[in-house]
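Each of the two complexes below includes chain A, the first together with chain B, the second together with chain C.
What follows is the complex of A and B.
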């Protein structure tokens, strides 16, 4: 799972309707994919990702991850032209795959496991 | 085996006439025009106008630019657009002539006779039968007795020459019983007009066959499935022993849904274990992020039987068991055991002809799909999916899914048996 996916996931447990996004991410193991699988650095693609990203959720999540990247408060037109910034985004959004970890709902604290790069969002019978 | 061609499309654009010749290939004949129109639209060419550009397409086998046409060889030669043809000949590139009479095999002698009719051209051509840069095509359509002469722009008559040949299921390292057939998967990607950088979602991703086809076109692919086994490569999803690849073994020894993407060096998709009935995708905050949704919903569920209750509870028991064990964080071995148990259940069900859901539920599944798609798809985005019909069932059971936010674009039929067929349906999120 990459951060672009974490960026659209919420808790969908029965009754959990507010403050259920973004999920708190605990990344215990991650891997930076090589250029073959991750595709080359591509500014146009990153600009497109910027349009899709919920910026606050991304920034907040990255600040808890200790990956040595800090994102600015706000996305701006100048920023998406900035090479160094786009390189950071390339690492965060395209290359880095979270292989093992957990996502925890900030509201109900339901834990969603990530295994082999695949989060499990299935709910139990009594949770739907 | 190749059969007689029986569809052609011609249209006038920028003063040039193009001819598309489809080869009547076994099962996907009904798909060709829809596919052509979908691709044409990607390039900004409306239905009425010509398909101009070449893209990887499943059904388009020949695509000559026509220099002359007529109801006999004589009239075809008289109608030659000499300016265009001569400009090409002046380049003196190695070339060859190819003759084809649709629906008929002709001898080399007959071919040579036809080619010799072009002897009047004021050029001394550099013939190269092995590596021609230019292929001229003489084509007679025996149905309407028209003769055509033109430049061949694209052709993929031989399967092994096609772009999709390398994706053939038997040459893929990771497979499952549900893996969507390669050509169909690419037809679906083209119906969905998948382009570079598009966000594409398959909510029934299984072993990722459709996702793989879409990824060929360089999209950002998302996929989810209820069954974590097909995603993680446990039980149902398996390594294809015919494919040997040491590199693969070292990158990803576990063989899972990502394996094929690594193998073809495509961007890995984003994968989730998720139930379509309970999506955890946050469209409220993120908005409609997908450009297209392309999928093959479960079809084992096509109901004839009324013994729904039994199988449903079995299904539930299975899910409960899976969930219970997941909670205990079991090792793969145990998961394998569940897989096996489930297999047995499936076999029993097959014997009893019991299907998992009732007709109502099939319709509900499609409605749910469209309802989710309505929130997740950007306006104008396409949803492409397979839908099974059975003419032995009452008519209302074969009614295509509908939703107020979607308009129907087209459907293509792929017959499975005398009564049963699957329909490839394309719809568009209303603006």
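What follows is the complex of A and C.
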């Protein structure tokens, strides 16, 4: 799972409808794909992905991860032309794979596990 | 229509030959894999005639072992998201994606696709939805329509 996926997941437990996004992310094991296994740095691709990002959710999540990446508060037209910024995004959206971890709903505290790189969003019958 | 001159269908078929089948197909979930040759023909049409893959964000509903997700990557999409409910299928899918060295491009999520419409983040998110869904022949009548309505929910219509 990369952060772009975390950026679209929210808690869908029955009755949990407010303050259920973004899920609090705890990454216990992650790896960076090396250049052979990852797409090359491609500004046009990152600019298109940027349009789909819920910026505050991504920025907030990155700030809790202690990965040494700091995202600016606002996403601006000048920013998406800035190479250092796009390199950060390349790392976050293309190269860095979260292998194990958890996502916790800020509202109801339901825990969603990430195992082998796959977030499990399945709900139990009594949660639907 | 896109330029087709340098494209060789047989190269595409061999690109897909690394995709492993379901180990123990679950008949209730209607798990059947589309063979590489049919997949290659379909995706050539999606790309050359519909321009639905290149530079697009794609959802693969009921991705199973990842045949369609992996086929999409042949035509340079921005990102592919595979969704499936079944743990074992997703495990095989992960192996297939790792063998094909496509971890950077394909994201997997385990979920019940019928519940996606409860999540407003998914609304109008994807440029293209591809799927070989269950057709509702195994005590799950109507699931095909549910999946179609979910596909319409998540796709951008501009």
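The definition used in the following text is that the second predicted complex is superposed on the first by the 126 of 128 C-alpha atoms of A that agree within 3 Å, B and C clash if a C-alpha of one lies under 4 Å from a C-alpha of the other, contacts with A are read in each partner's own complex, and residues count from 1 in each chain.
Just so it is clear, contacts are C-beta pairs under 8 Å (C-beta built on N, C-alpha and C of every residue); 3 or more make two chains touch, one makes a residue touch a chain.
Just so you know, these numbers come straight off a predicted model, no measurement behind them.
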Quiz item: Between chain B (first) and chain C (second), which, if any, makes contact with A:95: first, second, both or neither?
Solution: second
Practice problem: Return first, second, both or neither, reflecting whether A:116 touches chain B, chain C, both chains, or no partner chain. | Solution: both
Quiz item: Counting only touches as set out at the top, which of chain B and chain C does A:125 meet: first, second, both, neither?
Solution: first
Exercise. Applying the touch criterion given at the start, work out whether A:33 contacts chain B, chain C, both or neither, answering first, second, both or neither.
Key: both
Exercise. Residue by residue on chain A, keep only those touching chain B in one complex and chain C in the other, then list them.
Key: 1-2, 4-5, 7-10, 12, 21, 33, 36-39, 44-45, 48-49, 52, 54, 97, 116-123, 128
Practice problem: Over in the complex, which chain B residues touch chain A? Could you list them? | Solution: 197, 199, 218, 220, 222, 224, 226, 228, 231-232, 254, 256-258, 261-262, 265-268, 270-275, 277-282, 285-286, 289, 316, 319-320, 323, 326-327
Exercise. State the interface residues of chain A toward chain C in the complex, per the touch definition above.
Key: 1-2, 4-5, 7-10, 12, 21, 33, 36-39, 44-45, 48-49, 52, 54, 94-95, 97, 116-123, 128
Quiz item: Which positions of chain A touch chain B when the two form their complex?
Solution: 1-2, 4-5, 7-12, 21, 33, 36-39, 44-45, 48-49, 52, 54, 57, 97, 112, 115-125, 128
Exercise. Could you pull out which chain C residues touch chain A in their complex?
Key: 55, 57, 78-79, 81, 85, 90-91, 94, 101, 103-105, 107-112, 115, 118-122, 125
